[in-house]
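Structure incoming, see below.
Letters A, B, C and D mark the chains as written, and numbering starts fresh at 1 in each.
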Amino acid sequence: MLKEGQVRIPSGCAISGMFSKAGKCFNGEAIIKSIEIMHDRSNGLGGGFAAYGIYPEYKDYYAFHVFYDNTAVKKECEEFLHRHFDIVLDSEIPTRKIPQITDEPIIWRYFVTPLPAKLKNSHLDEKEYVVRCVFKVNTRFSGAYVFSSGKDMGVFKAVGYPEDVGRFYRLEEYNGYCFTAHGRYPTNTPGWWGGAHPFALLDYSVVHNGEISSYDANRRSIEMYGYKCTLQTDTEVIAYIVDYLNRKMGLSFQEIASVIAAPFWQTINKMPPDQKARAEYLRNIFGSFLVTGPFSILVGFEGGMMALNDRLKLRSMVCGEKDDMIYIASEESAIRIIEPELEKVWSPAGGVPVVVTLNGGNA
Amino acid sequence: MGINYIVPEYRVVRDPDRCIGCRVCERQCANEVHSFVPQTGKMAADDAKCVNCHRCVSLCPTGALRIVKNEDTFKINANWSNKLMQEIYRQADSGGVLLSSMGNPEPYPIYFDKILLNASQVTNPSIDPLREPMETRTFLGAKTKKIQRDKDGKIIPNASPYLELKTPIMFSAMSYGSISYNAHESLARAATELGIYYNTGEGGLHDDFYQYGANTIVQVASGRFGVHADYLDTAAAIEIKMGQGAKPGIGGHLPGTKIVGDISRTRMIPEGSDAISPAPHHDIYSIEDLRQLVFSLKEATNYQKPVIVKIAAVHNVAAIASGIARSGADIIAIDGYRGGTGAAPTRIRDNVGIPIELALAAVDQRLRDEGIRDNVSIVVGGSCRCSTDVFKAIALGADACYIGTAALLALGCHLCRSCHAGKCNWGIATQRPDLVKRLNPDIGYKRLVNLVEAWTHEIKEMMGGMGINSIESLRGNRLMLRGVGLNEKELEILGIKHAGE
Amino acid sequence: MKRVYVNEKWCLGCHLCEYNCAFAQTGEPDMARALKDKTIHPNIRVEDGDDVHFAVNCRHCDEALCVKSCITGALSKTADGVVTIDQDKCVHCFTCVLTCPYGCILPTEDGAVTKCELCLKTTKGKPACVAGCPNNAIVFEER
Amino acid sequence: MNYVIIGNSAAAVGCVEGIRQVDQKGKITIISDEPYHTYSRPLISYLLCGKTTEELMRYRPDDFYQTNKVETILGQKVTKIDPDAKQVLLESGKTVSYDKLLCATGSSPFVPPMKGLETVEQKFTFMTLDAATALQKAITPASNVLIIGAGLIGLKCAEGIFDSVRSVTVVDLAPHILSSILDEAGAQMMQRHLEKQGLKFYLNDSVESFDHNTALLKSGEKLTFDQLVLAVGVRPNVSLIKDAGGKVGRGIVIDATMQTSLPDVYAAGDCTESHDISSDQDRILALLPNAYLQGECAGKNMAGASCVFDKAIPMNAIGLLGLHIITAGSYEGEEKCVQDKESYKKMFIKDGKLKGYILIGNIDRAGIYTNLIREQTPLSEIDFDMVFEHPSLMAFGRGYRDKVLAGK
């Protein structure tokens, strides 16, 4: 059986996310409850979470979460990491043995910062340096896989139902201002932990429900800009596109939305001239990053979260609001289970992003 | 008259019960195949003159005519085919180079026909183009990614000069001279109505067609015919023609007898002088020379227009394309070996160059590997015969397709491949006024519009079927393709999997 | 009112209009059977010059001299302005031949004159000459 | 508006149709001394030879009067026009008043005084339906018919009865037949044709005296006959206008709008004098097309439109026993002629314009020639040699063809 990266596997999914605009921290119980209610949207072949604001004491360090198949590769990989980073702390990620989660790899966590001399010699900016090191590990060391590499955030994922994955990772012990979750329904059973979602690069994390039709067009285009789509998943390619457009091109999340879920020409044609010119420009220049086919995604990033549907809204996605909390999930039930008394519930239109940030910050 | 070695290729079969002697066939055949015999009161035909253009068949009001392959044959020989033997007789007779027209007709593999398309089932919905927007708008030009913002932080649209197409199909270069005034008018008007572009070829731009400049690509080829400041200024884009799929490495030759009147004026050469396009551009002997010409033309047009470089698909096309992508050109046009021509040496046409499908796949991948695919758009031609050919080309990585032969077919061409004789009965590849008038542009342009609209509808259907609602999501989306009956190497070059994988 | 107009520029002189006209008049389903070995009497006639060809048929003049001159009342105008002929009334005096400025009313070998009636009595829709013209040299439209 | 039309033939019908193009409502009254639905007088010869019937020879459909809302007073002669009172007086004594009046009284056969004519029992004219049917009743297959006059009426009569009688003999003072429309050569050709069919002619001759069934000619020839047809000529019926004080020459004098010298009184048809533009002379053009066109023009003007008819020319289309003649215009100026066994063509050119023509035999597309005369087209503008050879639009300029064929 081929695993992610060797074959493209379509899958159905459930996603959920919750975000405190005030930056109030809460633990992972709620997000587990939320994703659990959508149990039937997953099939036990992958689940995971991204959590933001969970490492306040190490917030200046990149938190690498790594799967190792064995200790040999761990050793090899750690030598690589040592050559490139100052590792301030490394430890096994705490887990809870439960019968539903089996065959776990070695799961390790490192808080790192690039070695200043190495960084300088590389002539790269710090983030690019980190990204390249992550790619090196993931492509060079067979059996090692960095699945989380942002600051003050972390991805927790495994093969299993998402609620079991949450309990396995003891998510109730983490406190953050934002959690996203993903339950997966792949149409085959490779059962590789790295293939579970969220997919993350630096502090960008993506959970996604859908199966995009533009995949290979997007992949072959983003790969020209230094990315290597090792997993052949939609989530991965979307994460890279978001990284490229935001970090490298400096587009805002609103602008990113109008690239990957660009307004239809019939809409653009009705815009005022200067707005039209900008929309046309984005579609012309970044046309290869238009994502078509059904998707609903939650993109987590430092200090914010974006929810976005494909422009035809071919996947369900509901938003809810109460006080400073924003809830977004594939189904309204996943919001009601954790917050029955919502002030506002709505279904964002296709292609219209919902972007939330901490204390109204820029995104 | 010595011995006649040549056996007529076709036979005119006339149904005596249906022929009413209206003599339409006689009046319509520029090759003078048909004649009325007063003694018998019946029509007769001279098979030897028939090129099988089907004009008579199409116009015969009673359906009395059929043109059939002459069953007369030399002794069957798998090595020495009838065709080869006749060619030898012809050359032994004339001492000349064999001439042919239109595209390579030989039975080489057609890769488009060995590629199948995907469609959505269950996990991803197909999209109904009758219900949802289905977008085919295409931009051609460099996709330079330099975000600039004004003082309010708003993006400044600073795209390089580009062409905007309503659908990813353009009419490929066919010169006024090789085709008729009315054919050009049909193309120009159709391109304008369709929101696409047609291409002057190397024949200059007739004064009457400056009005269609916004939908015109002007060509600068090795003969530089008809090139002047207004010509460049009027156009939407400028194409430097380095080569042509039908005859890579070969120049062009329009005999002086055809350089009369408007043709002479439009090409800016004296009446009666031969129009010789040299095989190479004599100011381009290297890629750096090409870069100079690209920038000369950009300088001449104030950096307002995209520059296209057109090359024939030859063996090292990917490397050549890589060079062009770094030359400042905005668009690369690649012409496959099946591309048409008004006249080419038969041996060249039938043996030089490579299939466009392989060339395209190689170029697209090479440019991506080098990270310069966004420097240029890729336009391919050389036998895009139907909407699926266009569709597959785009999925392989093309931005748009040039159609030439298909456009001429829409205008009535029956691929008799006798353009070089100048007696086109359909009024396309001729300058004889009585034949030119057979192509009424009012009809011709509408047929072209119909064709491209029909293809566009089909493209939309196929896009919708695979859950794609904008053409850019198809571009280079090779996962949507599968090969059938292709070997590993072919699949590797095409960058696609075999059906079933 | 829709009329047959001739675009001389596009006439190829193929004479198909004459045959289509003659065929339409027969009411037969098959042209070969209808016209085989027959001399045709089309109501549209092509004039051929060296480089110029054009078809001529009744103009259905607003001030139709033929109708006004007809001594029997066989020629008349329909409400749509189409000049039609009642061949039973015609006595072959040829006053219409005398008056038609375009030579569009034609004596037949055996009896009444014939003229283009825009296929009112033959087919529905387009006149046969227009439907069969390969180059839009004859069109049926409002002008 | 109250329109009254005296007459019920081509000019009257033209007038009705002219009025109705302008005025759908006004009252129209037709008064005629003939008791019939409007019929075509020239068809009486065709009636005799069976090419038409009384039903088919109706000039307009049966519902013509109804459709055009016309009241008819048929079989009543008008005896007087009172232009001051604006009324006409009928022979019954009744008066009909009008706002606008058309006088379309036509013409009558002219019978010159001839010695012994009163002794002839079966004598006829050939002008009206009644006259024709009277003749028809009289003749038998054994009849020998003598026709005085080899003009249009005489010869059409001859043709009409030719197949129904034993012999037809035509006498005319003129040196050749159809002298009003044919030149000598043309007339001879026609005469040969008619003689070949069995018609007998005595030309350059006239009747000295009649004695019952015998006519003695000036030449001394003695002809016996059963029926006599007098077709010497016609005279316009001008008396109503003349008596009312209107201006009358050889016919009723009218202007280009068809108005007589009397206020609100118009005239049209055979009773009037027309201005022949081919000869630039006023003459009587007793022709059906002319009558219609004048009547229509009069009708439009009576109804308040402004219309001028200024393109009158002589023209004739006539077939006699299978040979057709078409002529038009006047025969003056330079002649251009071709003749073969079956056809004859002669053109008359003056001041660079076609003034008249004669076609015998091949008459195809003759209207193209007629149009040259009517429109007074300078022949320098067309390829006259081509058009003389064969009437065609090819001989005209592209501009002309675009106008007439392409509606540009």
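Throughout what follows, contacts are C-beta pairs under 8 Å (C-beta built on N, C-alpha and C of every residue); 3 or more make two chains touch, one makes a residue touch a chain.
As the structure is a prediction and not an experimental result, all values here were calculated from the model.
Note on connectivity: the fewest chain-to-chain touch steps from chain B to chain D number 2.
The pair with more inter-chain C-beta contacts, choosing from B-C and C-D, is C-D. Closest to the protein's overall CA centre, chain by chain, comes B. The geometric centre of chain B is 43 Å away from that of chain C, both derived from CA atoms. Centre-to-centre separation between chain A and chain D, using Cα means, comes to 103 Å. Each chain gets a centre from the mean of its Cα atoms; for chain A and chain C, those two points are 78 Å apart. Centroids built from CA atoms put chain D at 29 Å from chain C.
Among all residues of chain C, those that touch two or more other chains are 7. By the definition given earlier, chain contacts exist for A-B, B-C, C-D. Within the complex formed with chain C, the residues of chain B that make contact are 17-20, 22-24, 27-28, 58-59, 61-64, 433-434, 437-438, 440, 442-443. Considering their complex, residues 7, 9-10, 12-16, 18-20, 23, 30-32, 35-38, 51, 132, 134-137 of chain C touch chain B. For chain A in complex with chain B, the residues that touch the partner chain are 8, 10-12, 187, 210-218, 220-221, 223-225, 249-251, 255, 262, 264-266, 274, 277-278, 280-288, 290-294, 311-312, 314.
By the touch rule above, chain B contacts chain A in their complex via residues 120, 123-125, 127, 132-133, 135, 137, 139, 141, 143-145, 147, 154-155, 157-159, 162, 368, 371, 373-374, 397, 466-470, 472-480. By the touch rule above, chain C contacts chain D in their complex via residues 3, 5-8, 47-49, 52, 54, 56, 59, 65-66, 68-69, 71-73, 88-89, 91-103, 105-107, 143.
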